[in-house]
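The letters A, B, C and D name the chains in turn, as written, and every chain counts its residues from 1.
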């Protein structure tokens, strides 16, 4: 990648404080599988930040793994999980959820989000269907926050979705692979400490927010029985649990997680100014670190030699939707370079 | 763990050269999912070391994950995998292989190993069984090298097992979670470059040999179609693939992987001397870094305050089998301390 | 069911010739699991009728079971199956396909059918997608013939679908739960003996065409290795295989299968006349035994006391789509009664 | 099979009363999927006979299917099922349980039975194991009654097993594929109405006791949520549910099920007399319809031309263990013929 990168938010390694902590603790002999004091401390900090001191935290390695482990641990065999048709689990996880035996039941997406009313209609229609015993029972609602399009659910949407799901006795799971970029967006209406009111389980993404790897699953109330064994069974239990515990300990010290999120959102603000300045039309309005614009194909081609971006989807015969992402590591120089090149 | 550790070989972080490489490359912007130059270079080095330049290498994160991904990718739905009854997949992976739909077909263990003759008998009996269509077809042989008891297959055993398996058209998979500790044992009869003659797929363990995490799966000839998608589906594809590529690049530079293995085996030599000196009986003869001894329960209790070891299994009413493990990071001081305390 | 039944095509037991054959052979002592001469004879007759004497036939018990057994036996772990969004496997099998680990990849339905051009577009888009390694690979095309709406693919559609699938190296599987009702429709453009040219595997439905139970899976060329073991593993291997063999032996003797199909289609012709006569609008044009009409809700309610029909889906606020099905067992009296009541 | 059959208990079709009932009701139009009055009546009769009027009954088609559906519906993802190493699910179901994601945890067999003390030891050892989170949690005990060797658990054994399992919070599942042959054995110490005290779920086998197919799963207290959907998902829900309902209605009318069991056991008494008379040694003592004897290989060969029996397992170089089974349909003539030929 000899280009100025706006392709994704995982192009660099880790925040320097994380590398320092790993180096500093390197020769401490610690128990494996998350039984070390750093992991314990990280869990406590996360539960405090989430406002649920009696909850449970588990550290897993990556997003797809986290999604399939949580979903299959919570669902019964006859249940599936509801997601937006653009949800990560529905499209870009190679069928990991189905591999564990469960169907992804898709709802239409609106800027990457499911609509609370459509969710209610879907659940009511299912339960009114005389053939429901021959169908997949909806057993969970999956949301991503921010979504795959960088958008955010409003407080009212989150409330309505959670209330609807609860009314049907099913949990809400929030995929927070980029949670920091959501929480620190000026448009965000909820705080981390409030997420417990809208979700029965969620994860706090590390990989895309300055960690080498790692996602923190939070059950704000109580996790399912023997979830650690499910984690092991899914190949998601790291022998050197310290690698995850130390990283999250650092991320949740002195507000680093929020700082990294804010940095990316501020960079995204500059990025949007540049794009507007260059009269490049937006495909949709995103308030977080991922920005989707429409590029003429010729321009896209020309640009691709110097700037890294992600080709998202065709727009029309001569245009393409392209994603520019900022991150915790985006530099002013990179933004300046983009301004010059565009 | 405020004790001198002999509990396991994953109590420290990573070899310093690995941390240095991670720090040095930290702000390079690299493509994700293993598409970076460090990963490519690591693959080339590994294939060269394995003597199979046309093979394929994939980096996964941990051992259980690697076992279940490889096994389920190679087996057809009606097949199971043969393993020693003490094989890691049969006992300590929370049923990960079964979770993917396949039975582990166990053979008796002899010092942790399967016996080539018993393997042949088993396969012949299966194929002679008039009810075989109602049974699980043996579709693969799983070996660990070293085994869970630290023992090693002889060259002749490996040859006989591979020949038998090949005769029945099924592959041999070698779990090398501790491969370095096997290859560098004075008792080892095969070189890494020869493993391809005895295995159709194997993995080179990083987690237990000085990496933070990571296992390198080697298909010496050709991997199965779209194995990367299987890796993704099993939640085993790291977004920041660099984390694995850089580590293995370091491990396979200037013979570091062998150096780390030798270090542990030399430490194990000293450990064995100490244990003999203290007249502690060995449970079995292991030529690698894991040593199994029989401790009187009272002594075990007393020792447990100052020395970290792993309680393996009851021996009799008053004795227990205990594992002491050395590693790439074992210090002379730790050994000296053990000598004093025992 | 104290009503005149048009609810489904499985409301009666079996064709009398089947019951007679079961009774006649009842005390013959036969080998189990399909190793009896009736099963062998039925297989031969079916292969002859299908024009593929070197093919393979397996008898399973029901449709969902057949679908999930065939699909999971043919797919690799990373593959999914393409189906119309209204396909039986996508909607009314309680996620049986997903339970075996595979995603159902849905295409839009057009009168219950997938469109060959859209299939081609989907496959081309998949293979052009730079992220395809992170997605579910399309590994099979599933069609129902007739479809869930009673419609039929034209010869040209079948040809185009098969050619497209073959071009991408994936098989076509035809769900023939109601195959007789398709083959004997005046609108049908293919014969049973030609199905092999358009499908790599298909099944001939018994349950809905006069058998107590039973579906005959036909691999016109060669079945997958050890398919019988897959059948057993899926709980689909009947100990008294005779129950299936004898029934299909009868169905494929003297053209009974076609006779039963024709009977239902002729009854459907009368049914359509009655519906037209009563000015009841059709929801769509179906050339087979299932007819879908639009009823005013009040009229539907009133009718439901005397006539059995299937409530299919809401049409608008005041109307509902309703299915009337004829079958091999529909009597002139039942049709006459319907004419009176409507 | 042009021989006098003692090979198995499913060589004939069905008891004539069953065929008569099928014929008599054949043209009644009945709702599908078990919603017919015969199925309802059969369920009521079975619950009455089992002494649990508030329980639930489900009809499935075959034994392997029933085992995997019940087991996977009751287990959580991280659990496995305990069985004797000779249990049907452990050996002769092609890995159906593993296909649903669960390990079969085997205990030694003693005349086909697990030992209550060994069960307790196993469960205690598991819960005392410091590594249990890395292992498969025992989540159910599977028994067959009679066992695969025709033997029966005593009342005290059943009580001890159930008490032990209950003490660990896990259910006992009794596979009653041949339940009638157990219940009507003179050696049987429990009645059908008492099984509810020793089992949390059991099934009453039809296929091997005079039905064409069919097994009745009984939850003496309450079944798991949406079990019907699990049945559908496993491909075990028959469209023509009447086929199962009518058969069990007949079997549970006027004590037919017991009558058929007694018939087989009486025939087994004659069979044992003949075998003793001919000085053929028994491999083990079985009080039910399956008898296991040791035959010289030459004699076995000679006999195989005229008598059907099942080759069970090698005994020594020159002898083989062979099974003779009587059934509900065994005739005096067949026994007489055996006496002559032996």
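What we mean here is this: contacts are C-beta pairs under 8 Å (C-beta built on N, C-alpha and C of every residue); 3 or more make two chains touch, one makes a residue touch a chain.
Here the structure is a predicted model, which is why all the values come from computation and not from measurement.
> Give the label of the chain whose average Cα location is farthest from that of subunit B.
Ranked by distance of C-alpha centres from subunit B, the top chain is C.
> Count the C-beta pairs in contact for B-C and for B-D, then report the pair with the higher count.
B-D
> Indicate the whole-number Å distance between the mean C-alpha point of subunit B and the mean C-alpha point of subunit D.
42
> Per the centroid of Cα atoms for each chain, what is the distance between subunit B and subunit C, given in Å?
49
> Counting only residues that touch at least 2 other chains, which ones in subunit A make the list?
As it turns out, subunit A has residues touching two or more other chains at 77-78, 93-95, 99-101, 133-135, 229-230, 232-233, 237.
> Over in the complex, which subunit D residues touch subunit A? Could you list them?
33, 72-73, 76-78, 100-101, 133-135, 137, 225-226, 228-230, 232-233, 237
> Where on subunit C is subunit D touching in the complex?
Touch list, subunit C to subunit D: 1, 3, 5, 7-8, 10-14, 16, 19, 22-23, 25-32, 36, 61-69, 93-96, 99-100, 207-208, 212-213, 229-230, 232-240, 242-243, 308, 329.
> Spell out the residues on subunit B that touch subunit D in their complex, using ranges where they run on.
Checking each residue of subunit B against subunit D gives 77-78, 80, 91-95, 98-104, 130-131, 133-136, 311.
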